[in-house]
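Look for chain A in each of the two complexes below; its partner is chain B in the first and chain C in the second.
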Partner chain A sequence: MGVTLSYVVKRIIFSIAIVLGISIITYVFIYLAPGDPAYVWAGRPRGPLASEAIAKARVELGLDQPIYVQFLLHVLRFFSGNWGLSIRFKQSVFSLVMRNFASTLELLLVSFITSIPVGLFLGIYSSLYRGSRVDAAINSLSIVLSNTPRFWIGLAMLLAFTSLNVPTYGRISDSFRGELVERVGLYLVDSLLQGRLDIFLDVFTRIIPPALALSLYPIGAIARVTRISLSEALQEEFVREAVSLGLPRKTVVYGYALRGLIPSLVQATGLFFSYSLIDAMAVEYVFGREGLGSLLVKAIPANDFPLITAALVIVTLVYVVTNTAADIVQALVNPRVTMQ
Partner chain B sequence: MVLEASIKSIDLSIGYEYDYEVLWVVNSINIFVWRNTTYCIIGESGCGKSTLGNAIAGLLPTYAYTNGYLEVEERVVVRGDETNYNGVRGRIVTRIPQDPSSALNPYVTIGEQLVKVIKHHYGAGGNPLGKARELLKLVKLPLEVIDYYPHELSGGMKQRAAIALALAPTPKVIVADEPTSSLDAYLRGVVAGLLKRVQRELNLTLVFITHDIALASTICDYIAVMYAGTIVEEGAACKVLRNPLHPYTQLLLKAIPKLGSREILSTIPGSPPSPTSYPEGCRFRPRCPVGFNECYKAPKLIEFEPQHKVSCWRYAQ
Partner chain C sequence: MIKGALKSMSIQAFLITVWRKRSAFRAGLIITAAILLAGIAGSLLPLIYGWDIGFRVVGESFQSPSLRHVFGTDDLGRDMFTRVLMGASRALVQTTIVIILSLSIGLFLGAVAAYYRGFVERALSYVTELFLAIPSILLALVFIILFGRGALTVSLALVVSWWSWYGRFAYLQARAIRDLDFIVLAKHYGLPGTYIILRHVLPNIMSPVFIQALTDAGSVVIELATINFLVGVGTTSIEEPDWGLMLGYGVRYMFNYWWIPFLPGLFIVLMALGFALIGDSIYEEMHPQLKRRWKLWF
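And then the complex of A and B:
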């Protein structure tokens, strides 16, 4: 419908520019930050030969050159697909980031698959019964939910489940780790592809508590956004006209009022999703799961610039993708909008 | 043509909650609208015209309070504080809103909107697309409009499409709530003429709400003049317009510009009172040029001559 090729090209150029900007900013900030990546790269040496080792590491990392050369090299390598080695982990940044991103993505997908319908239901219900006690209850619940500290809920859940002897720590049981063949990177999918239901159940029970802890914020936020915008849309003249024409309540709410809200709801949900990507940091840490958040936590103290940049670029790309998705949905739903 | 009541109200009052009190926006109204006629409700803004129209069309908000009795096409819709519009909306009454172009769903083509309404009321078997085409023909729109989105139409075409949409459930009563206020003078006449023609051709009852007395005079059979939630004068259009009795009606008629006239256009000083502070007695008293002591008591609507009622103490004898 309303999406043209030039729009796609524009979006791609725009995303490249954003990624470039993000890498400049992170690089500069890491450069200015205290700490020395060469020290970490050299293996935190001590003793009489330490300064020599650090100087050698500095040359290896190219840190002896002026910053613009460093940065140019970094960006050129980055865009040519060579993301280099992590300074702290001495592993390929690409595989590190992808493995952790898959873990986070799996967690967020499970959490959003539950929170989107629940949030929408609460929001629609409370705006249809606006002013009633149910509405007041839902509204206060959503405020509480979206402001509960996730790490605290996570800790409480971890303690509760552990005391019930339900294993929730980590992403997968250690005994299964060797048996699982990673294909997609999402363990839930991989275990099913392998046909191992026992691994699937193990992964599933471990992902539910952190996913629940993470879904509190989106549930509350989606419910509030839906409530406010649907209450407004129900007052629109064409919605009231649909009532006057005798159309049933369901058609009026879902076919008329909610339809115009889809783009903004997609946009808001995308925003909450990207926000949760960083928010997952604490929850992942509490539950001992690998993930982008915990990866960043480990990378920042080591001034691990290749890893930090790559992780932030992934986060940025998720932002760009969700925003683009919202734009495209807008163009599909609203005939007055074309993406050029 | 059998003359029967299409809309009948007895002491109908409608109010809204305001600061834990009920503000009565429409007060004890008795109207009687014959079938197949055009009934105009005129008055300044804020006189309760739209609220009355919404009550007839079943579009009162949930927080509205009602009192009295209202009957539309032999269906009791308001009795005391109970309202029941089930099966009345669409099949019996539809409404054309103040800005008809906003009544069209911006996300769906005109044809789809018409078909959706026709399908809901008559099922998919009755050739809804054909009926939609007939409706477009009736309001003199080209047939290709069926595939257009509302934003692709001009203002006048949107009006026609909105009228077609209001006619889609084949209602018996149409409430047109200032349908022309967003149009220029030329389109105003065209749309009013179209409504009148449709009313005659389809034998509808048209309730036409407007503040434009000149427009009302061209299309309506009966006129009710509303002021501050009450009807101050009511009757056959020719009688009310030729021989206005209530000072408010007289002043309204003086405020119409006449072509070629060199008279200075008069205005009515002040503005209608808000429902929070209705004056005691006759509500027009503070603005009335001919008020006297009797006006501190509330006047009743009395019959001055056949088909002409007025609510003013000057005619009480």
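And then the complex of A and C:
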């Protein structure tokens, strides 16, 4: 256990170092960006007193300090949850980003809950019938699925559902928006907590098409990874041994061959999850849902640097946290590490 | 094993075998050739007809697809077909830039990290891991804010994040061969490090990394399109005939004029699919041990 623990600690420290490095990079880049945020903060003033207003805004935003002081303040505020005010929306950045992130996360989770079993099933099936027509069909399907832009499929789905009069645009129907009490931020959970099945059904029908569009990539990618690694595992000595002992096929495949693949499959799924985040940002915009993507699109033209930084840091955090978690799970599951 | 497959026959002979045995490879090559043709046409058309082609025609906005405008026209009355063709050459140039630049950076840094060990290895590993963790959309947005929108900006942003993939892969490959005799001997012989890396390390890690690059060329296309899509959504008008931008910008017209966002997207799908089919069939052919020999046991 000692080896695993020290590995976990090391991995976490490394991840923290990466997050720090990324926040330095983003802050420096956004500091260098053209377009004066103080000018926007002061309300784009014109006339004789304009320069005075801009100077005041500069002090208010802390832009008169040297860059390292600004960055230090930025980091301190970041870890205390005080992310400042959005320049465009004049609201707390933290609550804005968190509210929108919950929406994106809900979409991602729903799409992964469906796509992991489907992808695994396709992958196992095609590696068991490797070389047959079924395998060829599944393989080409997974190539097509993982190489189609998700926002384009989402667009096609949205058009199809709208022409069938199924309400899919937006996250929740306008009439329910006022009635829902947000507690967790995930509308599916919130509506159930409130005991309103009609709201739940509305939210659920609206999340299915974008989640479906989003799940195409993980389905294809998981199927591909499973197929390749399971085919390799089935060549191993211990599988041959198990077969020669006369164990049933199910035990050999699921109990022996697939078991050894769990760590690498977990890691690959973690990677696909973090990739899908950007897809989710594009897809949710197509479907008119609130979320990080829609937020970012509105923040960019306004040079809203606190909001842009915060949204991007969240995206990066998801990357780092998912990959760290996947690595740690891999170390915990892998008997070569834990049995020491 | 990959090297073995390559050594036993020349590259041409190998490609001919793949062409004969795999229909996916043929389909991929045909699609890619069609996109290439479209790209050539798209870059020649403006030269032949003058730069006006694909630009606005007053009174012909929002025409649905017809014989006159095969793909319809957009909000400013520009012929979508011409713009989609022009987008093909743009997409091809962008993808080539991204793959070539990030491959060379990744290969070189990976080999250097594995060869020099110690501090260099640790520092380069950290940098690679750092860039792996930065989403490319972040870099692209930052680059767009810094340098303005353009074909080159997005490609360069993608290079900055994409090289780390090849870097890690090349590093793992190079680490596997760095203790082999020919490299140790070259070191004892007193040859300079850069010479050993260029002459002995790189040629031996090149082919697996190239195949890796070929298999995910399709993802480069999609990544470029996704970034341009998110950028295109926020803009008020677009000049550049970029598929991702056209799609993102066209989303606002999707309910009434479906062809404006839909058709550029179709071409993104085709291009990504073409690359993926080629890469996948080469990968399958290179890993013959994956064939279902084990099936005999049941």
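In the analysis below, the second predicted complex is superposed on the first by the 309 of 340 C-alpha atoms of A that agree within 3 Å, B and C clash if a C-alpha of one lies under 4 Å from a C-alpha of the other, contacts with A are read in each partner's own complex, and residues count from 1 in each chain.
We adopt the following convention: contacts are C-beta pairs under 8 Å (C-beta built on N, C-alpha and C of every residue); 3 or more make two chains touch, one makes a residue touch a chain.
Computed from a prediction, not measured in an experiment: that's the story for all the values here.
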Exercise for the section: Would you check which partner chain A:333 touches, where first means chain B only, second means chain C only, and both and neither mean what they say? Expected result: first
Practice task
Identify the partner contact of A:49: answer first if only chain B is touched, second if only chain C is, both if each is, neither if none is.
Solution key: neither
Exercise for the section: Once the structures are superposed on A, label A:16 by its partner contacts, choosing first (chain B), second (chain C), both or neither. Expected result: neither
Exercise for the section: Decide which partner touches more residues of chain A, taking chain B and chain C as the two options. Expected result: C
Handout entry: Which superposed partner A:251 touches (first chain B, second chain C, both, neither)
Key = first
Exercise for the section: Based on the superposed arrangement, let me know which partner A:243 touches: chain B (first), chain C (second), both, or neither? Expected result: both
Handout entry: Touched partner set for A:259, first chain B, second chain C, both or neither
Key = first
Exercise for the section: Based on the superposed arrangement, let me know which partner A:76 touches: chain B (first), chain C (second), both, or neither? Expected result: neither
Problem - Where chain A meets both chain C and chain B, residue numbers - result: 131, 240, 243-244
Problem - Residues of chain A defined as touching chain B within the complex - result: 131, 236-238, 240-248, 251, 255-256, 259-260, 333-336
Completion exercise
chain B residues touching chain A in their complex are 57-59, 63, 87-91, 93-95, 97-99, 102-107, 116-117, 120-121, 149, 151, 162, 165-166, 168-169
Fill in the blank from the handout: Within their complex, chain C touches chain A through residues 24, 126, 129-130, 133-138, 141-142, 145-146, 218-219, 222, 225-226, 229-231, 233-234, 247, 251, 254-255, 258, 261-262, 265-266, 268-269, 272-273, 275-277, 280, 289-295, 297-298
Handout entry: Interfacial residue positions of chain A with respect to chain C in the complex
Key = 14, 17-18, 21-22, 25-26, 29-30, 32-35, 129-131, 139-140, 143-144, 146-149, 151-152, 155-156, 158-159, 162, 228, 231-232, 234-235, 239-240, 243-244, 249, 274, 277-279, 281-282, 285-286, 293, 296-298, 300-301, 303, 308, 312, 315-316, 319-320, 323
